[in-house]
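Two complexes, one shared chain (chain A), two partners (chain B, chain C).
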Partner chain A sequence: METKAKIRQFFERSLQRTDLPDDENIFAAGLVNSLFAMQLVLFVESEFGFSTDNDDLVIDNFSSINAIASLVDRKLGVTA
Partner chain B sequence: MSGQVAEPTPQSQTELKTVKCVVWDLDNTLWKGILLENDQLVLADNIVQIIQTLDERGILQSVASRNDHDAAMDKLRELGLDEYFLYPQINWNPKSASVEKIAKSINIGLDTIAFVDDQPFEREEVQFVLPAVRTLDVTELSTLLDRPDMNPRFLTEDSKLRRQMYMSDIKRQEIEDSFGGSNDEFLASLNMRFTIAPAQEDDLQRAEELTVRTNQLNTTGYTYGYEELDFLRQSPDHKLLIAGLEDKYGTYGKIGLTLIECGPEVWTIKLLLMSCRVMSRGVGTILIGHIMNMAREAGVKLHSEFVSNDRNRMMYITYKFNGFKEVSSDGKNIVFEADLDRIPPFPAYVDVSIQS
Partner chain C sequence: MDMDLTPQQKDARAAYHAFVDQHIVPHADRFDLEERIPTELISAMAKEGYLGAVVPEAFGGSPIDMISYGLLAEELGRGSSSVNALLTVHSMCSFAIARWGTTEQKERWLSRMAQGQMIGAFALTEVHAGSDAKSVETEAVPTADGYVLNGRKRWITFGQIANLFLVFGKCEGQLMIFFVERSNPGVSVVPISGMLGSRASMLGEVRLENCHIAKEDVIARAGFGFASVLASVLDIGRYTVACNCVGIGQACLDASLAYTSTRKQFGVLLKEHQLIQQMIANMLTNLNAARLLTQRAGYLKEINDPRMIMETMIAKYFASTMANKAANDAVQIHGANGVSSDYPVQRFLRDARIQEIIEGSSQIQQMTIAKYSYQQ
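== the complex of A and B ==
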């Protein structure tokens, strides 16, 4: 819960969306802006304290609140 | 672990990099005398000519002065010099903090900044905290314009307009900060026009300049000289495309470049770069999308070379997030392959025009 709340807060700030469902694909609409992609990855890394391997740097791991939360759980070794 | 972030930069001649911004002290540097001691201020010898020449060369300028902000700005206005300085830092903070803030605001590396100050203490303080910054004594003013690092190889249309383009950026930023809607709505309100065209002969100086100046949004960091680019643009086995951007506040100039090697079955993107000035405009990926469309039409696979360094991780993420997969990698040199079955559309907030 804590993890998802932090991620949602980031999206609220950067996308100005307050009603984002946990499973909505934020990249579905089109090309992914470089700056936003970078900010998102840096946010996840600094907020949760791990660095993302190149193998994990795929859009599917970052495309929704749920996807990011499960990446975070996996990286931090939390079992659901 | 990725490891790529920690790799040293491939640019070995860091100390020879052309200066992108000169940061001036005021008292006893830009002018003789001390403003707050009510001295009769006289401009330093030839200073106006030096400032104007740097400006024409496309070298940006700013101010780091420990002074009363309003009094110093009034004085600069009275001297007709205020318009030359971007993000002037006139406050009581350490000069290193001011220089760092300027670098961050303009979005350039500290190793492209020269700091001019008459006081050894200030120069040493900056040097100590920010070793990459070049520090110059005021006694070096007479030779400043002759220094190789103050002479960019080419003077292009874009370099002469550089300060004005940054000024427009500041204005856009102010409007963006006060804009209530979403980022997409803000971008749509800019009426951006993005153009992609094969590089012409008169684009080549700018193209070379882009390969040398662009670090962050650069996939390989390969640099090409004028003659090479002139050959490549006419070669039937290559495509050299240059991109431009303008919006309702004016032009950003030519801000993107790509070189594609066109084999019979595989096209390879050798170089893809975008000026960091357009980083927040969401247009960089339009060029990638366009290349993907071209490759699909030509019925070829699309590869892209990538050389990791400590600054271009954003480009790596951009490729990965736009569906490129690594097909080979030694950790530093990577080859990607694009998924041409899934080409994302151009963003709706930009008007894209493509010349062939």
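== the complex of A and C ==
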């Protein structure tokens, strides 16, 4: 499954949103709390096989499907 | 999930069990009475590597897998919840550094923490901010080279002896987490005594008065960073408390089995009475269920599964209510002896009571678990 599809599937299950556009800011929509933030970090780490550090924990890296996909690409050294 | 412990985990559990039987069980009532644990015990725990259980080897730690860590907390809890409280807060602080700290922070503190030369503590709660952590009033004002902190932190476990505090405060309206060393001239600690339970966990009120810290002494910045660091640190604390509760449950069961096998009433041993058997049966059943929940949470941590956060919360909620039921029944089974200082079950009951309040009260957990139910 491609990166964005995996992220979308995670959001569908945990936020019960099936229609989430790739660029929708999930934080602006008020969909998340602190437990969800950590679940999201753990999901990204375990699904894509890298570990995040403190500098990665900025909202811009996790705010949308697109943002997470580009963090994954950066972390895994994928060039566009 | 493999439901059995590995041979290494079984060996580790046997070693923790022996340590607790030697160093804690015979003295735990005294610790409770004196409201302190001796420094020799802290040194012995450090020598065994318990204080470096979540610290990487590269920084002087003795890291163990998360199921073994749970077994350690369970065994310590079987001996004394107050002693386990040291593992809880010290591990929360060292985990925060190991998981999220900068290289400089790791080099500065971790090896001393793993060796027990520094004790870590967690300072969130205030007079007006308990369950609602967002309402903390401790203020951090930015300066040219750092921050100035002012505020008071209440009920801080091992606050009396801790050298490093994880401090929650607000900076320009945003929540952040800072490191504050005890040696900072802006820090003072007022001991708190006379609690119902967890009496030897040396609580303190930590006062921060014009406390200057460097700008590097930050572990969680506002927003997403704060949320993630907080959730992961509370998670390890909650797991330690959940396992502690399993230890309390085991201690209650052990005490009840021994007592009902020697005490006779109406011409037979207590264990022959069916209403006593009912309490024993419920104690063992609920204990087994709580242990399974905590071990599952430990397994999910080991594989870094995102479900770990909620499954740990479920384990902590269940195990803390289990410990209260078990301790209540253990006291009942012991009759008047159960409420006298000659038997430890009264301590188990007082300690169990604390577990439903700390690391997220049962009500807060119920609300969060209910929300999670709809995500499944």
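Keep this in mind: the second predicted complex is superposed on the first by the 75 of 80 C-alpha atoms of A that agree within 3 Å, B and C clash if a C-alpha of one lies under 4 Å from a C-alpha of the other, contacts with A are read in each partner's own complex, and residues count from 1 in each chain.
The working rule: contacts are C-beta pairs under 8 Å (C-beta built on N, C-alpha and C of every residue); 3 or more make two chains touch, one makes a residue touch a chain.
In this text, all values refer to a predicted model and were calculated from it rather than measured experimentally.
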item: Fit or clash - chain C, chain B, common chain A; value: clash
item: First, second, both or neither for A:Ser46, with chain B first and chain C second; value: second
item: Which of chain B and chain C A:Asn25 touches, first, second, both or neither; value: neither
item: Which superposed partner A:Arg13 touches (first chain B, second chain C, both, neither); value: second
item: Common interface residues of chain A - those touching chain B in one complex and chain C in the other; value: 14-16, 27, 33-35, 37-38, 41, 53-54, 57-59, 62
item: Chain A to chain C touching residues, read off their complex; value: 13-16, 27, 33-35, 37-43, 45-46, 53-54, 57-59, 61-62
item: Touching residues (chain side chain A, partner chain B) in the complex; value: 14-17, 27, 30-38, 41, 51-54, 57-59, 62
item: Residues of chain C touching chain A in the complex; value: 100-102, 219-221, 223-232, 235, 303-310, 368, 374-375
item: Chain A partner contacts - residues on chain B that touch it in the complex; value: 1-2, 4-5, 181-183, 217, 274, 279-280, 282, 284-286, 288-289, 313-318, 320-323, 326, 329, 344-348
